[in-house]
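The same chain A turns up in both complexes below, where it pairs with chain B and then with chain C.
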Partner chain A sequence: MLNRASRMRHSLIIAWSVAVVIFLYIPTVCIVLASLTASRYFQFPISKWGLDWWTKTLTSIEVRQLLTTSITIALLVTVVAVFLAFFGALAFARHDWKGRSVYQKIILLPIFFPQSVLGLALLLWFNTLGLPLSWKTAVFAHLVWIVPVVTLVISIQVYSFDPALEEAAYDLGASRWQVLKEVTLPVLFPGLFSGSLFAFLLSWGNFPLSLYTTGADTTVPEYLYAKMVAGYTPGVPVLGTISTAGAVVLLIGGYALITLLRRTRSTEQGGQDA
Partner chain B sequence: MSPGFRASLPVVIFLLAGFAAPLIAVTWFSFMPARTFSFAGAATLENYRTIVESTSYISFLWSLGLAAVTVVLLAFIAYPVAYGLVRVFGKWSMLVTLLFTIPLFVSENIRLYGWVLFLIKNGVLLGTIKSLFGVQAESMLFTLPAIILGMVYVYLPFMLFPMSLGISMVPQDTRDAAVDLGASRWQVFREVELPLSMPGILIGCLLTFVLAVGAIAEAKVLGGQQIIPITHDIEIAFTYAQNWPLGAALAVLLMLVVGALVLLVLRRFDLDVLLGRR
Partner chain C sequence: MTDSTPILSLKSVRKMFGPYAAVDDIDIDISEGEFFTIVGPSGSGKTTLLRMLAGMDQPTSGDIMLRGERINDIPANKRPTCMVFQSLALFPHRTVGQNIEFPLKIRGEDPERRKARALQLMALLRLPEHYYAKNVMKCSGGERQRVALARALAYDPQILFFDEPLSAIDYKLRKTLEKELKDIHRETKKTFIYITHSLEEAMVMSDRIGVMRAGKLVQVGTPHQIYTSPTTRFVSEFVGDVNVIPVSLGARGSLRMAENGRELKPPKLPAGFGNGYLVVRPEYIRFLDKAGDADNAVEGKLYNEYALGSRIQYQVRVGDAVFVVEKLRQQPFSGKLDDKVIIGWDAKDAILVTD
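Let's look at the complex of A and B:
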């Protein structure tokens, strides 16, 4: 039973957390409001509501090009990052080996590094190698930061993975490939799934790395930045809202899928136990 | 070759080519003559001398100072929420975590732009005040507090999640034992909860500090370029000034500060304990 003092404390914590969440979503609300304004300049309280800027933005060919570039980069980053990070996570959390604690710290370094500086360093590096900058170099740049993050995300799943499962499969005569396909991958699937979600979304929202490494190609965050520095256009809030909504839908959809998956799996196991 | 070493190879090779090599290239470049664009020049310390003789140290101090203020504010703002995530919210904590995760995936300049719309003259805040009370208040946009607000806002999740990881490492039994032995709430916090969750808190502080030192968008979007952090100096050297060696030298100095700090703090931690092997 909670006594009075700790009930009081819990209510305070809840109130504070609600305030912090509101603080976190103030800008999002402002952007959505601004996108629904019909006038050329944003003024609050809004005198004229309308969806004019939405139709204008959605029918623009330029915006379609931007979305294509951003999605292509994010998809490629996801595929490569999950592949690399899968092995990276096994080395991080599954195997005991001599260089492991050093390796774990190496993985963290790119995460604990100012991204704008990393972007410039990569720009210089691509220039040295004579690589022309395009969305392809941006994929590489995103990976430098995203592979370590995804490695950590998958590692958390790998920690809870019982190596005895693999050994049992080997004892039963399974080949290395069979063990990977029938045991390791299915068990680690939730981790791989959240890893790919992270990879896609972090690439989708990345600005500092894209800024220096995309060359003539433009991603959505870069375009928005260029527009907002140049002065106010109502297209910025519209595209900002689209970008935010995309992230929300993917994240909530992904979360729902994972929960569903866990539930089916636990009922299956329950059935087997019975 | 052990299986762990073999599994680590793809990532390690990738990071050598994509992380170590660029940093070496930057370091090398910082010793090239000013305003050149090749690696072939005779090595010189000229760029570093230029920096020492210039006013760059002001930008350095701004970056470090802003980052320090951000970390301290965030430690106090995030702790109650992190505590709530672990001990109070129960089945709601998944939802709260999700709410704090979503903004991470939206480019920070879009979100900062939302703050501009909120704070600007005739924006959401001042427009509401005006229509309710008829008062035309001064906008805080393009001031130092606006930059700090932006930084606290952007880096909040990076403090919150490591912190809640740390708090979840405090065993309930230890807390109960302390209470049974007659410890007051404050004593439990100071003698049990705080020390045992310290690894997570420190990782959170380190992460936010490092990211905040590298911040550039907050000062540009919300600060109206009144304050020039070091990252902005570096960017100017690389872009408008077309002086890559100077920019590289500034970047090397920043990397040294960040690198020293990260290695110093990370050396003390066992990541296995922090991430999962309980």
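Let's look at the complex of A and C:
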């Protein structure tokens, strides 16, 4: 009786989980399907399959330009955001100082601002300051929103960091710089790594901030939107698929790297005891 | 203890946090090679004191002298002292070997000599040689203790500080490690300064013990002195169970129990004694056949018994007062619960203390 009830419960859990996964991933799969059509227009079900639009997109100079712009912005945002967020996270979670709780709230606030309003506000400022809009201003705009997110991500790692590690290294003769290089940075590395993944991917996929601040330059999400509004070709789902696949590859690669690192760390020739 | 010049001298050391003195006017001299333990309940200022000695905090006033030189302003990384932390603070991303070699690497020694020294220290601390390449987080609690101690010894400090490193370890292992630490102290002949909240732990290991209370050092002495001649009720109650009887000076130099006015034969009375507490350790109280068999005797009811291993402890109720009595297991005794018993002690076995 009990066994049957628990088997019943188990199959219901599986059914539910499968339903959720399908619900989450079907739209993305549809984009891939839409990119595989041979016809000029979007229609479903697809009558004629083909890879023509993939060839066209991959050889297009315009698309290469879009990818270059998006990658440049995302890479710059990653470097600057991780640098700022590392020190921000130390102030957030490692050190106790007067005003810390106010700082913690203020630094996180931009995450919850509507991004379209944030983009507009930044646009007004860039105009007031006389800064010409380009991918460079977009880097700045992305940072305003992404630095708080990355600060939060790294802070989580910093919270589990035992401050006595730094004191011990210092007590054993290390200078402040050696403490940072030998202890703080390596111990916090997993946090810094996931922080940089967050930074890159959030910038890579960002639309509202880019829309206001890139000026004449165009990022991949902006292009996708513009083409959907006017001038749709199946090149849009192709580029969309490429953009999503890039993010997935980066995530899986990052996860594999971290797992590998953790494994080498924990076994480091020390397998004899196993 | 040696009688040479002290390796470490504290002169009126004080640390203020706002208006509150965490460490209040402490003077001690610690001799070369001594195992000195500072004991106190949490909040007594012992950790603050140790952090000042290690150079992680600066005293508000007073001087810390190392071999006669003032070291107040020398930061922790420049002091020839080293600390074993409560959390041990082992570097989780490093192997056992890399942890032990850390201070040598910082000093710029070449890898071969580092490794040789690490293996030497691992042998001293009975860590198997193949642990050299083992991830430190995969070691057991006791092994981690040894790695932390080896790393501190690799620094070759003149003084080693210990900030309650055994407090998070289970009882049996702790007892083993206490003895091991004392053995290491003998072998290395270094000066150890240890802090703990457990006087029992301090007793096992120390040459001398300083008891701290509310930022002040209330008594300093050998474990024997602390156990047999506490000067205050606070110190006497710090180790094990103890009978504390409030008394005042009675007629003709006797003591009067505050509770019921009964007259007791006192130990040697200090000059000008008015009132205080009579402390009798449970092992000095014995069951008597008749009241005349000891200097002081009271009659009560055997209320409960507790087996403590080699000893048995009894609770005897005398009116509202509770006495704790202990005897060795092999000593014959036929009393049953609720029996009427006479217990007593000799005047010389009791200690008079103030609050």
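FYI, the second predicted complex is superposed on the first by the 250 of 274 C-alpha atoms of A that agree within 3 Å, B and C clash if a C-alpha of one lies under 4 Å from a C-alpha of the other, contacts with A are read in each partner's own complex, and residues count from 1 in each chain.
In this text, contacts are C-beta pairs under 8 Å (C-beta built on N, C-alpha and C of every residue); 3 or more make two chains touch, one makes a residue touch a chain.
Everything numeric here is computed off the predicted structure, so don't read it as measured data.
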Item checked: Side-by-side fit of chain B and chain C on chain A, or clash -> fit
Next item on the list: Could you tell me if A:Ala164 is touching chain B, chain C, both of them or neither one (first, second, both, neither)?
Entry: second
Check: Looking at chain A, does chain B or chain C touch a larger number of its residues?
Finding: B
Note to self: Applying the document's definition of touch, where does A:Ala121 land relative to chain B and chain C: first, second, both, or neither?
What the structure shows: first
Checklist line | Contacts of A:Pro27 with chain B and chain C, given as first, second, both or neither | finding: first
Notebook entry, point to check: Between chain B (first) and chain C (second), which, if any, makes contact with A:Pro208: first, second, both or neither?
Noted result: first
Margin query: With both complexes superposed on chain A, which partner does A:Gln178 reach: first (chain B), second (chain C), both or neither?
Written below: second
Checklist line | Superposition-derived minimum Cα distance between chain C and chain B (Å) | finding: 14
Next item on the list: Share the list of chain A residues that count as touching for chain B in one structure and for chain C in the other.
Entry: none
Notebook entry, point to check: Which of the residues in chain C come into contact with chain A in the complex?
Noted result: 54-56, 75-78, 82-83, 85-87, 89, 91-93, 95, 102-103, 106-107, 130-131, 133-135, 137-138, 151-152, 155
Check: Residues of chain B touching chain A in their complex?
Finding: 2-5, 7-12, 14-15, 18-19, 21-23, 25-26, 29, 37, 39, 77-78, 80-81, 83-84, 88-89, 96, 98-118, 120, 122-124, 126-128, 131, 153, 156, 185, 206-207, 210-211, 213-217, 220-221, 231, 234-235, 238, 244, 247-248, 251, 254-255, 258, 262, 266, 270-272, 275-277
Checklist line | Residue ranges of chain A touching chain C (in the complex, touch as defined) | finding: 162, 164-165, 167-175, 178, 182-183, 186-187, 189, 265-270, 272-273
Check: Quick one: in the complex, what on chain A touches chain B?
Finding: 5-6, 9-10, 12-14, 16-17, 20-21, 23-31, 33-34, 42-45, 83-85, 87-88, 90-101, 103-118, 120-125, 127-128, 140-141, 143-144, 147-148, 151-152, 155-156, 159-160, 201-202, 204-208, 212, 220-221, 224-225, 228-229, 236-237, 240, 243-244, 247-248, 250-252, 255
